[in-house]
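Right, one structure below, let's go through it.
Labels run A, B, C, D and E following the written order; every chain starts at residue 1.
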Amino acid sequence: MSETSNTKLSKKSGLPPGSLVHIGKSRSEKIDISLLKYNSETAEFHNCADIMELNSLVDKNYMNWININGIHEIESIEQIGKEFNIHPLVLEDIVNAEQRPKFEDYDDYFFVTLKASGSISVKNIMDVQQISFIVGKNYLISFHENKNELFQKNIERILNGKSKARKNGCDFLAYLLIDTVVDNYYFALEEIEDKIEILEEKILKDTTGKTLQEIQKMKRLLVMLLKAVFPLREAVSKLERKESELIQDSSAIFFRDIYDHIIHIIESVESQRDILSGLMDVYMSNTSNRMNAVMKVLAIIATIFMPITFFAGVYGMNIENIPELKWQYGYLFFWSVCIASVVLMLIYFKRRKWL
Amino acid sequence: MSETSNTKLSKKSGLPPGSLVHIGKSRSEKIDISLLKYNSETAEFHNCADIMELNSLVDKNYMNWININGIHEIESIEQIGKEFNIHPLVLEDIVNAEQRPKFEDYDDYFFVTLKASGSISVKNIMDVQQISFIVGKNYLISFHENKNELFQKNIERILNGKSKARKNGCDFLAYLLIDTVVDNYYFALEEIEDKIEILEEKILKDTTGKTLQEIQKMKRLLVMLLKAVFPLREAVSKLERKESELIQDSSAIFFRDIYDHIIHIIESVESQRDILSGLMDVYMSNTSNRMNAVMKVLAIIATIFMPITFFAGVYGMNIENIPELKWQYGYLFFWSVCIASVVLMLIYFKRRKWL
Amino acid sequence: MSETSNTKLSKKSGLPPGSLVHIGKSRSEKIDISLLKYNSETAEFHNCADIMELNSLVDKNYMNWININGIHEIESIEQIGKEFNIHPLVLEDIVNAEQRPKFEDYDDYFFVTLKASGSISVKNIMDVQQISFIVGKNYLISFHENKNELFQKNIERILNGKSKARKNGCDFLAYLLIDTVVDNYYFALEEIEDKIEILEEKILKDTTGKTLQEIQKMKRLLVMLLKAVFPLREAVSKLERKESELIQDSSAIFFRDIYDHIIHIIESVESQRDILSGLMDVYMSNTSNRMNAVMKVLAIIATIFMPITFFAGVYGMNIENIPELKWQYGYLFFWSVCIASVVLMLIYFKRRKWL
Amino acid sequence: MSETSNTKLSKKSGLPPGSLVHIGKSRSEKIDISLLKYNSETAEFHNCADIMELNSLVDKNYMNWININGIHEIESIEQIGKEFNIHPLVLEDIVNAEQRPKFEDYDDYFFVTLKASGSISVKNIMDVQQISFIVGKNYLISFHENKNELFQKNIERILNGKSKARKNGCDFLAYLLIDTVVDNYYFALEEIEDKIEILEEKILKDTTGKTLQEIQKMKRLLVMLLKAVFPLREAVSKLERKESELIQDSSAIFFRDIYDHIIHIIESVESQRDILSGLMDVYMSNTSNRMNAVMKVLAIIATIFMPITFFAGVYGMNIENIPELKWQYGYLFFWSVCIASVVLMLIYFKRRKWL
Amino acid sequence: MSETSNTKLSKKSGLPPGSLVHIGKSRSEKIDISLLKYNSETAEFHNCADIMELNSLVDKNYMNWININGIHEIESIEQIGKEFNIHPLVLEDIVNAEQRPKFEDYDDYFFVTLKASGSISVKNIMDVQQISFIVGKNYLISFHENKNELFQKNIERILNGKSKARKNGCDFLAYLLIDTVVDNYYFALEEIEDKIEILEEKILKDTTGKTLQEIQKMKRLLVMLLKAVFPLREAVSKLERKESELIQDSSAIFFRDIYDHIIHIIESVESQRDILSGLMDVYMSNTSNRMNAVMKVLAIIATIFMPITFFAGVYGMNIENIPELKWQYGYLFFWSVCIASVVLMLIYFKRRKWL
């Protein structure tokens, strides 16, 4: 994935800063705009046709959660940027699906971008999706790469009044959404852990070249997960330390909780990597053990048959006057020598523990 | 272990923060509630049927040590949370048996959660149990995953008045209990060290594929221990630095002692890991040495018998006029050539130190 | 590259500090001097024959971007140094094409030197070029090792008035140019990533010694890229933290953006190195798997033919009274024994999964 | 060593803090108590029967150096603890021979514990001994695990008035003693370095499995040394930074010197470890080179004899009408073919550089 | 080298601190004392017979650069120490040729000790020489292990008035000399880089056991260089941060330049180590590839000759009534079978890409 998308990153080379260039899979469907406005008493959900309609609905007396599914319509992003007075570099980061997770504070609002882990495909590639938040005093704008149901439960809980968000500011809503994304990593992590466990059993039975490739793929999945989570640690730590004035003390304690989760995920990824490198060792050692086994069979066969073949050769010689040839029990004698030789060899192998 | 429990971690995904979800092995037995109330003059121990009874017994004029064995009855945990005014995130961490060890200060109380190492099973899996403490001015609440005798001695010593705890606050009691948990790691560590020592002797004699798997298992045990101890270092260092105002100067010095123990355990684990990676090297090199030995036997046998088999073949030819065939001492000559050839080969192998 | 150029680094040994010695590929072409002077209203571009002409054109009422292509004419560099009152150590660094990227603040101006990545040759060697900037209140002097078109777009955009640079100071121009250089790394990175991807497919099919050498070459390319980018991180971080007073707040935010890009590149290089070391493992394991396959063929052939060759030898013996020899179905019997032996062996190999 | 002693560490589990439990090799001999009291004019040495006698001799107008050889008599240690008002945790650390080196400041006195390296046994195990110091205004108490002559020279030099200690406080005496211990590490380090050098020559000649085990043992010796020296760095750095008010400026400069020595030892240990891992590589590669050599001999023998044995077989066939059999020069022809075949093979091997 | 010299380090064990013991190669030649006194107008060079003569020549109105070649005459060093009031620990460090590079500030003067890299011998051992500087207000004393021409150019440039040193204080002279030493590392580094490049080409052609030893030797050379340069980084960084008040602002900027060079050298050493470990991989993989080639030849030979030897054996049997024996075209038939068998085998090997 990263290879093909990175190719697009160089598209920006040579453009002035703040130029909006969509980087990511190209899409053609229309972007999806919705608004959830609520306060402690009421909550309304609106699907908007375009930014114009959205602007007419936003109301500074409510908390306004604007959700944009799709970042490929540069013009809409620019319109929102203008409306909410967003710095061009922030807009540039939003439409760049290869952006590294980070937190930035811009006095009037703060900006968080992160990666949501998706399902892992049959080919063991993880679908990673970028999500960005702009959080101001009474608005939160969330941007997704494409349509998805990730925040569906959060929306429902706000609408039916069960969520604490109703009584808190947009910083708490930001917490809820980031928490949803981070908790989602556990699904990916657990899926990978299951796959590694299966791989582990497989490796003890059968070690074809394919098992090695699977170990490599698992390594990459973990790296992919780490690349999503690792920079997030720094970003969330800034939220926890209240680097933006928009974050209240009561929310900070919740961001500390997310921070703990992230550390937990990172440590789990690290220990899974340890397990994988242990599996590599097992794989490598299995390969040499099998080679050893092959060698032993070869050595045993050669050691048993070479002497007796030599004996047969001796009595096949045409030299005159070989006494054994004319001896009455010659044939019996030959077989006795052969059997004795084989038995001695087998005893020797038994002693060396080759058998 | 971690794999099956982690699976449950994703259960929390999508739930609002502070939702209490028990994560860990599911249990059905009733939880066990007890209260030890004491001051410098007197000490009483009560088994309580439920939280109601407990509340009626707690007395702010004493130090109250409440001990909850079992974290799977969400309602009881919630009742305690209400009674002592505990932050929902703390309760969430208490019922999550996969929580990473940590210390958190909440002005009125502080919260410590850690892992107690248990016995190591025949399959070399360590039983790790989560213990959490909430420490306030005159109360300490301890939570265990299940019934256990870990703190039995501490209870007895307080009851019979021998413990220093009787003359100190709840911060000192917290120290005593954490110290008990940390000292307990030594049992696990020493058990692992003994197993590694046995493994070491085994590896010099016999290196089947199983030895490698045992090395891997030992590695995992050490990782498991490290995962319990490593985050604890940070937590205890916060206690030592008196990040909570509830910790008195005289207690801080004791937490420094625990800190030293933790560092000592971490360093021991690290050096055991070094030993294990040395064992891996020995194992790998034994494998190639054995392969070498097999190859040598094969090469020696082949080198000795190939020439003499050839000689036998020569004198088995039906070509007319082979002078040796009719020579009187032909058979003797043949054997002399064979023996000379074998002796020369043996001398050669002796020189190359193959024998 | 580094080997031959480093050789020259020792040329400076024994010289007094501030001695200008050109280090890098020796060139003979004349250096190329140009001036772009602009303010928010107007912009002019001049090619200058020499430093004298340049000095006569520089105008303190404009922003003056002086561009020097070629650092091998020591006298010209010295003249500029005198004119703009540049510290001799800075001039020494400018003419040393082996200089490590860095930022230095000298009150009146600041100095940044960095490496621009160029194209990767067929032999997988990257062309790295040194670029230095001296940035004062109303002038910016850029030095290139040789003529190149890297900043052509920036010049055009300033001339046609589209660039934000027109309304900003020289610190913003410095940002634009550094951004151009950093964005350029993406080209190199993506080219390397593509090559590694091709290598990856290749390694699964065919693993001659050459594949290993290609892995090594890719490693070196990544090291070369890292050597260019890694020290730059520190330099740009100083710019972002406004260590020079010449950098305005509005520009600092842009340098933070460059800093993000650099971190992103470093992380990508690191993960490519991980992939390469995974490829090494695959390569190594393929080598032993192939050895295993060869050994198996050898062992199977030997195991099949050694017994039957022995049987043929037995019936070729000249011993009298071998009953089978005179038996009517002797020949049939012999072949039956041979075929039975071979079949038994094949069954054995099937069971051991060698076939 | 560490394995058996650690076993005892768990003895402390479950005991209240400050419980004195001797951890280390059990001993029965009486502990040895001596007092050296001195000032700039006079110095006296006393052997004391017990702590009572010691107490009667200690004189606050002198510097009192109390030396306790043996830490297994818990009661004597407790008596000293009471007399000098030592914190119970300090006493606990003194009698625990598995204590990690450290420095602790207790206002009235400071506490340093470290490991003295002893001789290396034939089995390549190093005798490590724990030494602790309690340093107060006019007293220094040193504790050894057993009787030894380590500080004999220091005692003599103080008695004959040659030592600077006579004119300085107890902090300077502490410096002298720690310096003696640290200088002693050089003996161990140099012994290990010599052993590694011998091992290095050995490995080039002969690489049996034993050499590998010796490499492993050397690794452990270095780890043991590092475990003694590494935590000491932190302790001495605290002394250098005068964390105790008892350390005067003039002494601090001397502790800086010890600090330098420790860094030097750590760096030497690290580079010896590098050398050892290089030796591992040489060992491993020697193993495969020898395997290669064995394989070559096998391949050469097989390649030479297989064709000519086939020829002999051909002319041993009983097929009628084989023209060569009746040819007059048949036997000569056969030998010519054999010799030609062998010569061709040898030329081939020469070309492939196998000979 | 380090092994034999370290042996001497333990000579100091047991001696009081500040005892001067010469550690290094023992020498007998007389030490060489010279004085260069200069100010901005004049400069004089004197060779002194002994310290007495030196003292009579030193003039506080000039800058006095005292150069001592040879540190084995303890008495002379002590005399200088007394004259310039140098701390005994500094003198101890000067005569200890195994001293780790460092900077120390002693109010009236500062002390710098470092290692100058010398030529690399045929056996690939680098001659490292210790140089120490004591720098006071108007004097600089430099100590060398033995006579050498390292600073000859600096002396000449001061005498003929070309050096900036004439117009600056002793801190600038210190800069000039340290710069000379650091620039000298480039010679060693480049020599090693050249040797590694040669080694690289060699390894692709021929990989005997010797190549591995050469890799190991190169590793050691790099470690030796790193051991000289790495601690120097810290020392020079202290000079740059003006930890001594004797260093003026204008000089500090020059020390920053040295600091840059040191970082550059360290990074180059690191990347050379990377290259060496890449070479190790190539070496190891070449070894297995060669083993693979040997195995293939063996397998091919065995596979081709075993079947046909069996056929020859069959027709050599004395069983009566073998029809082929009496068949007219028996011999032709036999050879057809043999050739067919060989051709089939060759096709099989071609397919498996063994040929």
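Here is the rule we use: a contact is a pair of C-beta atoms (placed from the backbone, for glycine too) under 8 Å apart; a residue touches a chain by one contact, two chains touch by 3 or more.
Given the structure is predicted, the values throughout are model-derived calculations rather than measurements.
Chain D is reached from chain B by a rotation of 70°, derived from superposing Cα atoms (nearest 5). Distance from the chain B centre to the chain E centre is 43 Å, each centre being the mean of its Cα atoms.
The distance from the centre of chain D to the centre of chain E, each centre being the mean of the chain's C-alpha atoms, comes to 26 Å.
The residues of chain B that reach two or more other chains are 288, 291, 295, 298, 302, 306, 309, 313, 316-318, 322, listed in rising order. Think of the chains as beads on a loop: from chain A toward chain B, the beads read A, B, D, E, C.
On the chain C side of its complex with chain E, the touching residues are 2-3, 6-7, 9-10, 12-14, 16-18, 87, 89, 92, 98, 100, 102, 104, 209, 212-213, 216, 219-220, 223, 227, 231, 280, 283-284, 287-288, 290-291, 293-295, 297-298, 301-302, 305-306, 308-309, 312-313, 315-318, 322, 324-326, 328, 330-331, 334. Residues 153, 157, 162-164, 175-176, 179-180, 183-184, 186-187, 189-190, 193-194, 197, 204, 253-254, 256-257, 260, 263-264, 267-268, 271, 274-275, 278, 281-282, 285-286, 288-289, 291-292, 295-296, 298-299, 302-303, 306-307, 309-310, 313-314, 316-323, 352, 354 of chain E are the ones that touch chain C when the two sit in their complex.
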